[in-house]
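Input: a single structure, listed below in structure tokens.
As written, the chain order gives the labels A, B, C and D, with residue 1 at the start of each chain.
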Amino acid sequence: MTATRQRAKAAPHLGAAAGLDDDELLAMYRMVALARAVDERMWILNRAGRIPFVISGQGHEGAQVGVTWALRKGHDWIAPFYRSIAMCMTFGMSARDIMLAQYARASDPSSGGRQMPGHYGDRRHNLLSVSSPVATQILHAVGIALAAKIRGTAQVALTAMGEGLSNQGDVHEALNFAAIHKLPFVFLVENNGYAISVPAVMELAVPDVAARAAGYGIPGVVVDGADVLACYVAAKTAIERARAGDGPTLIEAKVTRLTGHSSDDQQTKYRTEEEMALEKGRDALPRFRDQLRAAGILTPAVEAALTEEIAAIVTDATEFAEGEPDPEPSTAMRWVYAEDWPSETPPPWGFGEGDDDAGSGSEGGGPAAGGD
Amino acid sequence: MTATRQRAKAAPHLGAAAGLDDDELLAMYRMVALARAVDERMWILNRAGRIPFVISGQGHEGAQVGVTWALRKGHDWIAPFYRSIAMCMTFGMSARDIMLAQYARASDPSSGGRQMPGHYGDRRHNLLSVSSPVATQILHAVGIALAAKIRGTAQVALTAMGEGLSNQGDVHEALNFAAIHKLPFVFLVENNGYAISVPAVMELAVPDVAARAAGYGIPGVVVDGADVLACYVAAKTAIERARAGDGPTLIEAKVTRLTGHSSDDQQTKYRTEEEMALEKGRDALPRFRDQLRAAGILTPAVEAALTEEIAAIVTDATEFAEGEPDPEPSTAMRWVYAEDWPSETPPPWGFGEGDDDAGSGSEGGGPAAGGD
Amino acid sequence: MPTRTFIEAIRETIAGEMRRDESVIVLGEDVGKKGGVFLATDGLWAEFGSDRVIDTPLTESMIVGASIGAAVNGLRPIAEIQFADFIHPAFNQIVSEAARMRYRSNNAVGVPLTIRAPYGGGVHGALYHSQSVEAFFSHVPGLKVVVPSTPYDARGLLRSSIRDDDPVLFFEHKKMYRSVRGDVPDTDYVVPLGRAAITRPGTQVTVIAYGLMAHYALEAAERVEEEGISVEVVDLRTLRPLDKETVIGSVRKTGKCLVVYEDNRFGGYGAEVAATVAEEAFDYLDGPVTRIAGPDVPGVPYNHVLEDWFMVDPTKITAGIRKLAAY
Amino acid sequence: MPTRTFIEAIRETIAGEMRRDESVIVLGEDVGKKGGVFLATDGLWAEFGSDRVIDTPLTESMIVGASIGAAVNGLRPIAEIQFADFIHPAFNQIVSEAARMRYRSNNAVGVPLTIRAPYGGGVHGALYHSQSVEAFFSHVPGLKVVVPSTPYDARGLLRSSIRDDDPVLFFEHKKMYRSVRGDVPDTDYVVPLGRAAITRPGTQVTVIAYGLMAHYALEAAERVEEEGISVEVVDLRTLRPLDKETVIGSVRKTGKCLVVYEDNRFGGYGAEVAATVAEEAFDYLDGPVTRIAGPDVPGVPYNHVLEDWFMVDPTKITAGIRKLAAY
């Protein structure tokens, strides 16, 4: 955070309404920019053939940083989803941690290289492990909130997902239960207008997912996901409400998906060039930058230092992850259960690295998996 | 329908607003009363040890008859639930058909004795077979509506269920899809305030299930389930809307459960005597009777004839079902698939009736299954 | 030693664990005031209150999913699924989430969760209140699956399950709830997961069973004893992890093996047992590993004639033993 | 004869059936404009319009449940589940509803529905984009389960599935989509459900496999041929109903049987095959029925080292054959 030290003078007012001082604003901006830089590097590595799959948070970072900033780190809980890079980083994961997941290294804190990139999680930071069959995590977050209430821990649990996922049955069951018991729970919907190729009008019959909140007797709030401070304020209100025992809130942040769904997706097949160009205007990163510049918080000197710092972090993270070892096959049967179970026997081929043509198959390599 | 012929003079106006003439009003009343009479007989048979299990529609009949009356018999579709006796009878099933299900006879049109009573269905009348894991049927009804739209059949599909079931994930997914495609679909929630022993406040955080409709951009209507004509009007509006291509409607009828959840349930454990006494006042049967009496449609002569007719129908149905044979074991492996499949082999014990101690077991008979 | 019905043993065990460890909670449909449709949780709501005995909405996926979350944040939930037949809406949460959380997080997060469900037929429950669902779950690495057959085992195994750090599916045959009684000591004993019991020693045929079928197997064994057939009965108790040692040991001794299960035969749990025995005891087999199991129709029919036809019972097992013994 | 990749054969078959029968519709996530994440439905939306090629919301239970209803009311839906791993939210609709509708209604209502799903590992898909789920569904009476291995069979079996009056689960190994090619005649042939194929005759060991493993089995058979081991390969093609005649016939001839599957070993589909063979060909067996299958961990790990360790491949099958042949 050297950058924050070099700032010349504090602009008045920008964070006032939100109760954030300039240091915090700059730290938030740094997080948005850092998450973006890590994300961009992932795509470069993918194109260069270094990592086989990327799923991105670009266009969602503002909402994620704004919302997460309002939680208590190391105390509250988050059940994230595959676009939650900025959220996970705001809540404690480092650029190295994210890169270790891209490379699926043994030291990857999310899964030890067992899961695809995008399936983040870090027990040290109360970030629950992401799975692929998405929307399930809303119930985990609700259960975490239930335990918080029963145990009296004053924790709040938050989950995030796309508008597409919010149509899954688990979301209905979760909101209903959380509302009945007034659980300390916040539901963030990051609505980017698409579920892979399916546009919002084919996913939902209402313009706002937030309209669903009324059916559970909870507040439903729509917020511009490109407005970091608005996201922060919405989250702060919801979290205070939750912590006070007044129950859950649904926050819908309208965001944009600046990339294809994943590195396996060709979005030009279902999205026009014009639309994609327009979407760039809804990106929180330049908007927040402009705000901070105008407020005099992000001076040229601060910005230059920050850019340099971020580049260094991303390069360090990449090089570190590149250099880390893959997991050993001998670890592959560990942690099926908490203990090793005598009758769960290894396969006849044991744990050897296998001879050279193991895994080759008659058919050669298959196509990369589409979707997430 | 002899009763309707003996009526002395038509009272003006009672059905006018609903567009129903006196003959129809009387026929509707007859159906409410008949369904009640069949239902009451089921309990008598259960107490007498003739049939092992009863699940009842008492308290729901007014809403069921009112709503179903607005559909086109033999054309539209219904996916009912276990309390839908009056609905199924209004749509074409006879008292005999219902009784055959109680006795699980071979000629039971619902399932040939394969399913528990309450799992009605009749392909001849476009009544879809009920299963136990409830709420699933909403998706079947939505699919029927989808086919109706694609095939251009001008059919409407309706499903019914309790407020408890409406919390299942399938309901969320179904309403969303039906709304997006403006399917000819009507969703009837029969809210009786309990899911077995769980009161509404523990099932839902809102007083009305209908509040959920807004989240799908469809109308949500609350109607007094003891008001047969109001139910009819609400359904008529919804069905016309559906048939016109304007999409689904959620109708919530506030009803009462006059019995325990089923013959296995002791409701005094979770419901006070006062509450149960009060609930009797919310019964559609006496209310509709009073309306028809006051309107001069249900004259003493008509009423007497009707009472007699209904008693005869119920007795006939019971005796008929009593006399019908059980299914043959030799049929037990039929209709796993449309055709008999050579490799699906019968068990080593074939299809014999088994010797005397077959099925006895060391433990004797078990307890009856609770719940539905 | 005190005598208990099967369901009493279960109820008291839950209460005992709740007294012993305040992180244990119970949730499910009608588990509160009503005490469960079979009364397995009767009295718990009065004793522990609505914070620890939670009547949920009618949503199985939520019951399991929220239990997973609660387990992650310090509780040990006991989730009741009203009937095993209604576990299917929770399939995704169990199979994708509970089973894989520890492995996918490389041991960062565990899910100490017990899911109880009444299973089994013979009680006029028809297609949807009679199912045996153990085959689905015992196939999934990361889950443990327990099916006790006696009040003693029910208590000891339920204790082990609740105290276990991984998700356990605990299936109780509903026909046994009130009809099976047995001695249950007042001590804090446990029956460890993953250990089968030889409930009757014998020399000529091994019968492998669990749950209600473990009783029927004993009865069949008694019947054929008069005919001079000596049967060893293995009650598996835990289906996953399977106690291969006991199973294979018994078959190596007797040379013949009959696997009995109530579920549909094709692809049922007994298929794995039969395949394992057929492979690992091959040199000791004096006859084919055979199976007596439920017919391959989509559920137990309701009508009593059809239900009797469906259900595996001591007579049908007896016939299977005779045939195998004569091989 | 024209040559097609596996996925081309599937895509053209769907298009052909849609042209032939206007009651055939396609629904699923991203099946429209995008043509599916694997492009299995590419071009259909342009040809048949959004009434018959429906991009659904991200809700698998709805996809299957609404398909059941549509099938009841005169359509023949082909539902796509984007990855077999995501079929679990639809488990209840498939197992409780689609499978049981005909039986529970005593043949009043049938469900002519085909559910397609890409399955299988070896493509860096990790725990949740690599699963084999056939064991769950082949256990359920009322469902048919098909796993083709060649473009020829894919076309013939998909035709049979779509035209079938019962629910069929049609699993396509995603690694084969573009890597497997083969001859596919332009005729309207069908491959009947329930018939296995002997894809390589042999005398000493029968290897039973399906899907991608049917290819690997052939490759392994070729490798051991040089060593003088003659292997017969049975490609099951339909897992339920199982073609017992072909399977048992082959094992009676060779006397040895190796069952190969990619799914977790314990309780996998191959357990049923092994148990059946062990029972019904007992007198002909010269060695134990053995299995080469996926290790018992909760999913295929992502990292390539671990994935290679997990995946059954020709080398691992070869080792299994050698060991069995030497028995």
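Keep in mind that, in the parts below, contacts are C-beta pairs under 8 Å (C-beta built on N, C-alpha and C of every residue); 3 or more make two chains touch, one makes a residue touch a chain.
As the structure is a prediction and not an experimental result, all values here were calculated from the model.
A.B. asks: Quick check: more C-beta contact pairs in A-D or A-C?
C.D. replies: A-D
A.B. asks: Using each chain's Cα centroid, which is most distant from the centroid of subunit A?
C.D. replies: B
A.B. asks: Taking the mean of the CA coordinates per chain, how far is subunit A from subunit B in Å?
C.D. replies: Between these chains, centre-to-centre, one finds 47 Å.
A.B. asks: So how far apart, in whole Å, are subunit A and subunit D when each is placed at the average of its C-alpha atoms?
C.D. replies: For subunit A versus subunit D, the centre distance works out to 35 Å.
A.B. asks: Starting from the mean Cα coordinates of subunit B and subunit D, work out the distance between those two points in Å.
C.D. replies: 40
A.B. asks: Specify, in ascending order, the residues of subunit B that touch 2 or more different other chains.
C.D. replies: 111, 114-115, 119, 131, 133, 167-170, 173, 176, 180, 202-204, 336, 344 - these are the residues of subunit B that touch more than one other chain.
A.B. asks: At which residue positions does subunit C touch at least two other chains?
C.D. replies: 56-57, 59, 61, 85, 88-89, 92, 96, 100, 103-104, 127-128, 141-142, 242, 296-299
A.B. asks: Once bound in the complex, which stretches of subunit D touch subunit A?
C.D. replies: For subunit D paired with subunit A, touching residues are 29-30, 32-38, 55-59, 61, 82-83, 85-86, 88-89, 122-129, 174-180, 212, 215-216, 218-219, 265, 292-299, 301-311, 313-316, 319-320, 323.
A.B. asks: What residues of subunit A sit close enough to touch subunit D in their complex?
C.D. replies: Contact set of subunit A toward subunit D: 52-53, 104-105, 111, 113-116, 119, 131-135, 164-165, 167-170, 195-198, 202-204, 264-265, 269-270, 326-329, 332-333, 336, 344-349, 351, 353-355, 357-371.
A.B. asks: Of all residues in subunit B, which touch subunit A in the complex?
C.D. replies: Subunit B residues touching subunit A: 167-173, 176, 179-180, 201-206, 211-218, 247.
A.B. asks: Which of the residues in subunit C come into contact with subunit A in the complex?
C.D. replies: 23, 25, 51-52, 56-57, 59, 61-62, 64-75, 77, 92-93, 96-97, 100-110, 141-142, 144, 164-166, 194, 241-245
A.B. asks: Which of the residues in subunit C end up touching subunit D in this complex?
C.D. replies: Interface residues on subunit C, with respect to subunit D: 85, 88-89, 91-92, 95-96, 99-100, 103-104, 127-128, 135-136, 138-142, 240, 242, 264, 266-272, 274-275, 278-280, 282-283, 285, 287-291, 296-299.
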